[in-house]
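Below: one structure in structure tokens.
The letters A, B, C and D name the chains in turn, as written, and every chain counts its residues from 1.
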Amino acid sequence: MALTGVTRPGHIQLRVLDIEAAVRFYRDVLGLTETGRDASGRVYLKAWDERDHHSVILRQTDRAGMDFFGFKVLNEVTLNQLESDLKAYGVATERLPAGELLETGERVRFQIPTGHQIELFATKKMVGNGLAPVNPKAWSPASDRGIAPVRLDHALLYGPDVGGVLKLFTEVLGFTLTEYVTLPDSDEKGALWLSCSNKAHDIAFVVHPEPAKLHHVSFLLDSWDKVLRAADIMSVNDIRVDIGPTRHGITRGGTIYAWDPSGNRFETFMGGTAPYPDWPAIHWTWEGLGEGGGLDVAHRKLHETFLTVVT
Amino acid sequence: MALTGVTRPGHIQLRVLDIEAAVRFYRDVLGLTETGRDASGRVYLKAWDERDHHSVILRQTDRAGMDFFGFKVLNEVTLNQLESDLKAYGVATERLPAGELLETGERVRFQIPTGHQIELFATKKMVGNGLAPVNPKAWSPASDRGIAPVRLDHALLYGPDVGGVLKLFTEVLGFTLTEYVTLPDSDEKGALWLSCSNKAHDIAFVVHPEPAKLHHVSFLLDSWDKVLRAADIMSVNDIRVDIGPTRHGITRGGTIYAWDPSGNRFETFMGGTAPYPDWPAIHWTWEGLGEGGGLDVAHRKLHETFLTVVT
Amino acid sequence: MALTGVTRPGHIQLRVLDIEAAVRFYRDVLGLTETGRDASGRVYLKAWDERDHHSVILRQTDRAGMDFFGFKVLNEVTLNQLESDLKAYGVATERLPAGELLETGERVRFQIPTGHQIELFATKKMVGNGLAPVNPKAWSPASDRGIAPVRLDHALLYGPDVGGVLKLFTEVLGFTLTEYVTLPDSDEKGALWLSCSNKAHDIAFVVHPEPAKLHHVSFLLDSWDKVLRAADIMSVNDIRVDIGPTRHGITRGGTIYAWDPSGNRFETFMGGTAPYPDWPAIHWTWEGLGEGGGLDVAHRKLHETFLTVVT
Amino acid sequence: MALTGVTRPGHIQLRVLDIEAAVRFYRDVLGLTETGRDASGRVYLKAWDERDHHSVILRQTDRAGMDFFGFKVLNEVTLNQLESDLKAYGVATERLPAGELLETGERVRFQIPTGHQIELFATKKMVGNGLAPVNPKAWSPASDRGIAPVRLDHALLYGPDVGGVLKLFTEVLGFTLTEYVTLPDSDEKGALWLSCSNKAHDIAFVVHPEPAKLHHVSFLLDSWDKVLRAADIMSVNDIRVDIGPTRHGITRGGTIYAWDPSGNRFETFMGGTAPYPDWPAIHWTWEGLGEGGGLDVAHRKLHETFLTVVT
């Protein structure tokens, strides 16, 4: 297969401080569809145009952040192979049973050098996007409910040892480094954008002293007009915006960063490059991240919150 | 690697009736960059944001159409493997020497059941997109020169035995069937959209009595606003438009079909779905292609030219 | 006052063949808001961002078309003055009593040389756009309900003696000629675009043997993205499209022409020029209307329906 | 005439610190067209789609800011009438001779209660927009040169006694108050948006202790996509951005505020409402200007620079 191995972000489990406030935000403001709740009280949601049962799981607890981020792999054979590759590489893995997440098969979980819990899985019930399987329409009212992203797109995670993460994701999991930032006066990579497809990123990392931190979870919109509409809807709903609307120089995406009611940062973005594995990774210096527009093309500065506010 | 095997459309060689008129169109109106001419008089061009030396080759002759369509594979090992897989499958292959196309390595060429010449290659000189390799800007004057597509995106080819093509592309070349049309009162697939990535299509086919025909070569734009700008620029330059601006139901892309000065149809389009290999292929009936908006969401009809005008 | 006299299109009364089918279209598909029904069964609607009580009135009868088109003038003094000016010019006028249309003051009605009934009025209840009068939000769910035009924008009317109409609208009613088309091999104006503001047109006319015909009533959208969304929603709702999405050369608006369930043509469009009274009117030849892209920039042809299908 | 009296912003004379740096910015980055230079060294420019000879005049001196802002009135009769009305109202007026500005007729200049010099004029040479007067194309390369605004749209001026300005503009000059902000814990209007057309504003004022200050001069773009492109081009050209891209709640325009090389703030914006003289003015409280999104819908705060940085 041309697209094989790890294929895409499959789900993120977010910790929220008030589950009903979180549901109101993710369902009614962001516009995800609630697809289920489990015995432990977790709430499952999906973006309207995703096919799988869920991509966002909300868990109420007293500390915001991310429990784990899962990737869908091509099939169960691939899952077994990657599990074995991880072990051979020296990464301890754990199997979670089918059904531990609703409508989801067995998952292989492991901790990466930034301290995050990452999962691989091959099976999740396909529930479709609500359009007919034969002669589907090109538009659905669901595409206008709330901010209405098309899909969960990626996450940006903060933690130590991003070098170890780079090695693991590229050598074992088959990701490509698409862009990176070197630390001030250094050749050391302090931020990484990694792709398992021809998206600009399926996951990204920034070096940070505390492990296992979430910078943001990102959702894809269709157009720059939809980014403005997202800003309008955030404003009507008192969602606190961090940065944007603007363009990132890194990936060239048109973006808004904002915070959910628990303080988890999320992104609604559009566009960006579509790199391939053989393209050289784009190098950003630390100044390039800030003054060079890597973070914010319009304002060309390193917003203070970018490095300091994580959950 | 997650994206492996055949990675992307690499080039198309188009037959044109008047090379200088063709260059004026592809370079000055469409806005491709001329990157070279070879001893046989062929002209090489690339879209501004492509990294490889060229994606379009123009050859003057007395009959319009397509000579061949080439895919870039991950590396030379992959090229050898796919060549061997093709042979094992019973497809005769030919090696073209490095340099036969400017700045391009060896190519493996073969004929597919629709009569088209398809090539695989692993090596082409990377010339970049004109932006700096370190801290690149997010915008370039090149992105406004002419219609200014981002990349060669795909082609739609017409010929007999698309069933044989489906088998070859999915079983040997690792493509995924993303959408298809069944013939009237039949389960037989008469049109195929095939992807080697998470693009909606990297190549597509429609059944047709004559072999080796080109329906259109397609170029990607950033936005629906750019599709309108493309229409404006076509109008100023007396480019004959076939269909659009409109949306295809199939792939959901926003599109214009038009003809180059030799009568080869090209498409400038934006957006569309981003399917994955495990998504079920979307089924369109013959009525769905026409009245169902598969071809033209706005007009919901099977434009007569769609089935009859090819080169 | 800088904007004085006749200020804007105020309402159109459309004849429809099935009032409930018409309401379903204008309210649920086009996305107007129903604001009332009167004793005679007429249904009143407004676009979401209009302030006045209504802009579209639907009346069921056995023949589609337009009963009358009304302009709002600055105030009652202006109404009296224009009534007197019309009489002085030789136009017979009729006063319709306040309340004959819901929430509307007295109207001055007269027939123009194309046979259409035109009205002036100064008073209509302001019901607002649903946003708060103090610190309004920038977005409302109403702006996403159906195609959701911002306002009734203009109408294009067909009838004989457009020369007489030009004289009446510019000499008595204070309109400016912004663009016009001359008939084949003639200096005679066969089509007129007229503005009472700095819009590209508030009303337009095309010469036609039959009097009092409606070519289309037009509704303004915010963006070209919304025009595509309009096409998507029309497609989902089986609305028959005539022309577009495309751009008119005349006015430069981005447009779709389509038909309501009774066969009345309507337009959903965006953008266009903003001319001033001192700008020279733009001259289009008959060829310019067709091959010159006056009607359709992308296709540069005079669609057959443009001259033949009216109600 | 329906649009009569004062019809539109005609020109602004800006003081710049380095005339050649200013020309490079206004011509090459903003994308205005240079149309002349006069004996005193002033440089004249116009937006591509404007018809008049110029709308921006640059004058080199040692202090940035605005010398004067001029409105085009309908004709010389109107000019005389408004001059006489101003005098009757008690405003001292001065006649500047024809030709004092290139290609411009006599101007009536007066000082308003905020200390600004305002001018009225009826005559300026029409040079057109470069498109043919007969069957013009819908697109011009000029529309892509630099940021490429369509027109000078308005200015926001700071000074004392905005109440006096409101009275003068509405009672003598025929403007309509479209939106206003009241001062904290007060009914006093501290900011005004005034229109002489159905634009959201042709001029605006904010109360400020120092007289005759320029907050920004504003240029209109076609679309929100063009606002992002403006941000991209500003970034490439090291233009310092103040606020945006974002939407103003006031007027609903999509905007960027940035500074020219002399420190004069300019705006590139799109969209917004199209109010009429009979619409009630929208009331914003001081909190509405900030937290209510009046200035910045996305960030809902009163940026510190908004009240403090003027030239």
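Note that in this section a residue touches a chain if its C-beta (ideal position, glycine included) is under 8 Å from a C-beta of that chain, and two chains touch if they have at least 3 such contacts.
Because the structure is predicted, anything quoted here is derived from the model rather than measured.
Shared contact partners of chain A and chain B, listed by label: C, D. Within the contact network of the assembly, the step distance from chain B to chain D comes to 1. Chain centres here are Cα averages; for chain C and chain D they lie 30 Å apart.
Centre to centre, using the average C-alpha position, chain A and chain C are separated by 47 Å. Chain centres here are Cα averages; for chain B and chain C they lie 43 Å apart.
Multi-chain contact residues of chain B (touching two or more other chains) are listed as 137-138, 223-225, 232, 235, 247, 249, 293, 297.
Listed in rising order, the residues of chain C touching chain D in the complex are 1-8, 49, 51, 72, 74-75, 126, 133-138, 150-151, 173-176, 195-199, 222-224, 247-249, 252, 271, 273-274, 276-280, 282-285, 287-288, 292-294, 297. On the chain A side of its complex with chain C, the touching residues are 137-139, 144, 223, 225-226, 229, 232-233, 235-236. Put simply, chain D touches chain A in their complex at residues 224-225, 228, 231-232, 234-235, 241, 244-247, 249, 254, 256, 293, 297-300.
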